[in-house]
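What follows is a set of structures for review.
In the two complexes that follow, chain A is the common piece, with chain B as its partner first and chain C second.
Now for the complex of A and B:
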């Protein structure tokens, strides 16, 4: 694989994220893949697919989040699972590019759909707890505020990158009363809040979610206090993993991409994500609808088979 | 169509005449029960109570659904035939109402004689869970008498909670009551029945494979009588065999699915097909079923399961599941480092067989009885369980003791993985282990130690009952993952798989 084309791909991906910080990393990845497909010079459909697979791998090395991996795979399946019987390669390629554009358009709209679905679950006067910085949760809260609902938000600091403070700033700009709490204060604050809403980096086959470290803790606390625990995620984050416990999550998702490349002994590193089992989740809000954790498997079977 | 003396229409006319003749005979005797049957999932469909002497060899359309599905089109339209039948039933029902004594209180619980349009599928309770209902027993006895299959009598005092199930003694298999040479039952079926009742062939996969091989033999020896169609007659021939086998030992869910598949294949044989060709086709179907659903499925399941086995694992298994043993052997071949704890229970002590197989491979094993379960569980990292059947509401039906293991594993937060092929998925719904189960020979519980058998005279003590259950159901909350040949699914997704499978068919 030519070094400079992959290099261009990575640069394009990074440029996308730089230009539009609000875009989901998976959407940026899919845009890059589509651009890559357009510029691809292969002569056969198999060659196109192979190049796409390699490109996805290359992007995973750049940004090791679960969403990039799942989004990439779904993109590939979506564009190639059509009838590609045209004798002319350029025609096939055009069909694939068309499908790719369609897929991209669908998923760009998915965050809006989720926001519309979820904001009705926020009642007037509600106290919401959220974890770290999630653009989908921000959209949901934005929609609820636009609906003239009054609510307060507690955000955890979410070390080691203090992403919670960023979220607090954004909410402050929307004129929503927000308080930043320590990660260790989740148990303390749980009795005050009415519901918990978190985003997800990936939704797994069992109906559980993979999200920033600290989510599992919050889920266990909310279960102990009988507070509803809602997860908001777009459908391209559905991934074909089935972890049984925290250890079962593959290492390539747990740590940041650069750490995976440089560090030898991963036991000394701190993982960036954790796995929340489906028994702790009340509902999942996706652009496919409001799902219970057991329905996720149903949707996954439909998406992937 | 060469070689057939009568044309299709003439045969249908003959059939209708015979039916009319039978109906007239029945009206004279007084109708016993007239019900509308449909095929059931686990128990072979009973035939209509219309008397059918073997000498008659009438290809009476046994199942309403089958006649509708038959390849030939009747002279009248199907709707008209159905209307005719319904009119006949209504008239018989009104005449029966007058004679009814009201002796069957369970009649209301059984959805009988429901018209076609109201319910597309009418499910009746299988007879093997209605042993305490005298009407059902009478019906069964009559059916077996007609099929010339011996009726097996229950043995010993039954615990009251389970009095609706059969309890047979191993010392009196139904094969003792069959004359030699057996005229109605094929000898290989007799042998299979004996092997089942004595426990020589045990285990869900083994029983299904043995059944399919025996059916291959039966099909080989079968020859179509003149003026008959292979697709109808062979199915009728199989019914007494299935009744006999269920007398020897109640059929398992996997066997039920296999029988449904075979019956479907047989009835789909086109009428123009020559006998040898049809037989060859059926043999090939059975072979491919065994290959796909059992052998290849276990390969696929092993592939998924091996991903879940990591180095340093301590795996707990219960009893002897052929699939779980296969997975562990394959994982060991792939150089995974793990050790196994085999949990066993009386009276079957199947764990010893599993232990033997694993140790032969070279896997490090520990052996405990189920009473030591909570002692050993803190060491365990994963639990692998086999299944007898997976029910539509996500419950796992397996050897008795499995739900106990799942419960204790859940309490210790140890992941529980169930491995099950898709052909064992069953459309039944069950929430407890009482409704449908199997009672094994109670004499198995008698222990002889130091020459003394304490429970030897248990029958003389009036208040003593021995209960030897075979199966129990595990709720889906205790099961973390189900590994099937379609992939890894949560326990609650079983109905999705059933739906996908039905769409395929």
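Now for the complex of A and C:
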């Protein structure tokens, strides 16, 4: 019975992503969790919470990205951080569902806010370097192009899944001049570019980011060439991790979900993400405003304390 | 009619302030320091609050924003005007919140916490009328003016903690704040000051003369000698025109050179800047401030007035509220200004 409901949850999640490929995976996860909450048959609030926690774990097993994990945790906090003193369970549940809808509405607007904030930093004639495929970066570049700014974009191929080529195609559709470069060519191209903009899968407590493998390399290169390195991320990606180096990032984020389940020796596998420390990041553009890396930990403390 | 008289008087004052600001840029008007500009802006805003016609906080904020936009447009390089306007807007918001009785702590800042705990959209229209709002706002502005008057003294009081005997201090150009800072330390300590002259206006010369009058041993060096002399320097203390939101500076030209030389020699760079110089802007168009110097008839020399100094080169900010690291500036900013006022 339980397996059945969680199976339905996973299917709903996958359907969300299929229907709207532009949606952030965390937003799809939160929508699924909200659906799950509505259909939940528990008799107690504790039961509801436990089911939600299990549902989040199940979703993490399906899609091992950091954003799903952080989005899920924030969702749980949001719906339960309210007075649930009603004697009637269905009333409490309605309150939670209402807050869930509200949270969903707020975070659906995040990407637009980030796009609006960041595009003023792109000057006319700029050459931008970006990594892999990020929907937030796409939105930023879309806004800048709509503002009649002329700029060119270099995208890294981003192996092993060649996501960069997808990004190049999308940019091409927006009539933005784009060139795909090899991952190994980041050092070569860095002297030509004016700024680097990347997305993030997760923003950690130190102000660093977790993103597709190759981001750290790009950040080190841009520091060496004194080019500004900007990160764009929505606020639901803030996660309570404090990695000090690459090893500290938990394995469940580094590798895809199916690989974690099937492979015995992870040392033979290629990690999909890496950690970029805050010292290499110039500014973070979030829907909470433009933040310096040191301001990120402030935001997280305000939230979790 | 007395009402109309007040209004015309008010608009006259605003117009004269605007024309003064415009003249400042071309160098023809009286060269005023940023402290005076800040004081005059605040006094003018107090007058607007007292004399303009408004029914509730929202209308007052609209009036101030409108006048503020005109003032910043008159002289975009003078950022203290914009800063004071934002301070006053924040004061109005706080007084309004206090009158309504709601808690005034971070209830209006966008934050992850607020995203999670608020219920529904918190659109505050500021449309409620309160009888004592005017008096409260004017009192708060008076407090702000008192704070402005004491800034230089507050900064100079910290001088003895940072300057020790027999030290060699380097500075550039002429900053009234740094001058007061050094003079305060000179009362009890003996030290040596090297001033970079800061061509082409060579304000460093005036600084050196003024310091000599207080019996401080001073040396003037040309800007090109900054790197050469840096190995002998213990500390670099500079002033600035604006402090940006990321902890960077917009300072007189030559400061970036000085900062890079200091970084190379691992010499601490201390910036003395009062809080009214803190601006929430990050991207300030620097390329518009130039002086054109005609040396020969066929040669144009471009001479930028300001430099951008990135926050990595700065060690410490000394302001009237104490010493802070550049990475902490965002925090001070959130306490002084409301995020919705960043764009006037």
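Some notes on this structure:
In the analysis below, the second predicted complex is superposed on the first by the 304 of 305 C-alpha atoms of A that agree within 3 Å, B and C clash if a C-alpha of one lies under 4 Å from a C-alpha of the other, contacts with A are read in each partner's own complex, and residues count from 1 in each chain.
FYI, contacts are C-beta pairs under 8 Å (C-beta built on N, C-alpha and C of every residue); 3 or more make two chains touch, one makes a residue touch a chain.
For clarity, every value in this text was computed on a predicted model and none was experimentally measured.
Comparing chain C and chain B on the residues of chain A they touch gives the larger count to C.
Contacts of A:258 after superposition on the shared chain: neither chain B nor chain C is touched.
When the two structures are aligned on the shared chain, A:297 is found in touch with chain B, with no touch to chain C. Of the two partner chains, neither chain B nor chain C is touched by A:50.
Once chain A of one complex is fitted onto chain A of the other, the partner contacts of A:245 are limited to chain B, with no touch recorded for chain C. By the touch criterion defined above, A:22 reaches neither chain B nor chain C. Touch criterion not met for A:101: it reaches neither chain B nor chain C. Within the superposed three-chain model, A:205 lies in touch with chain B and out of touch with chain C [touch as defined at top]. Once both structures are placed on chain A, chain A residues 294, 298 are touched by chain B and, in the other complex, by chain C. By the touch criterion stated above, chain B contacts chain A in their complex at residues 308, 310, 382, 415, 417, 477, 480-481, 488-490, 492-493, 496, 500. For chain C in complex with chain A, the touching residues are 106, 110-113, 115-117, 119-120, 245-247, 282-283, 327-331, 339. Residues 205-207, 242, 244-245, 247-248, 278-279, 294, 297-298, 301, 305 of chain A are the ones touching chain B in the complex.
Those residues of chain A whose C-beta lies close enough to touch chain C in the complex are 74, 77-78, 81-82, 99, 102-103, 106, 120-121, 235, 238, 282-283, 287-292, 294-295, 298-300, 302-303.
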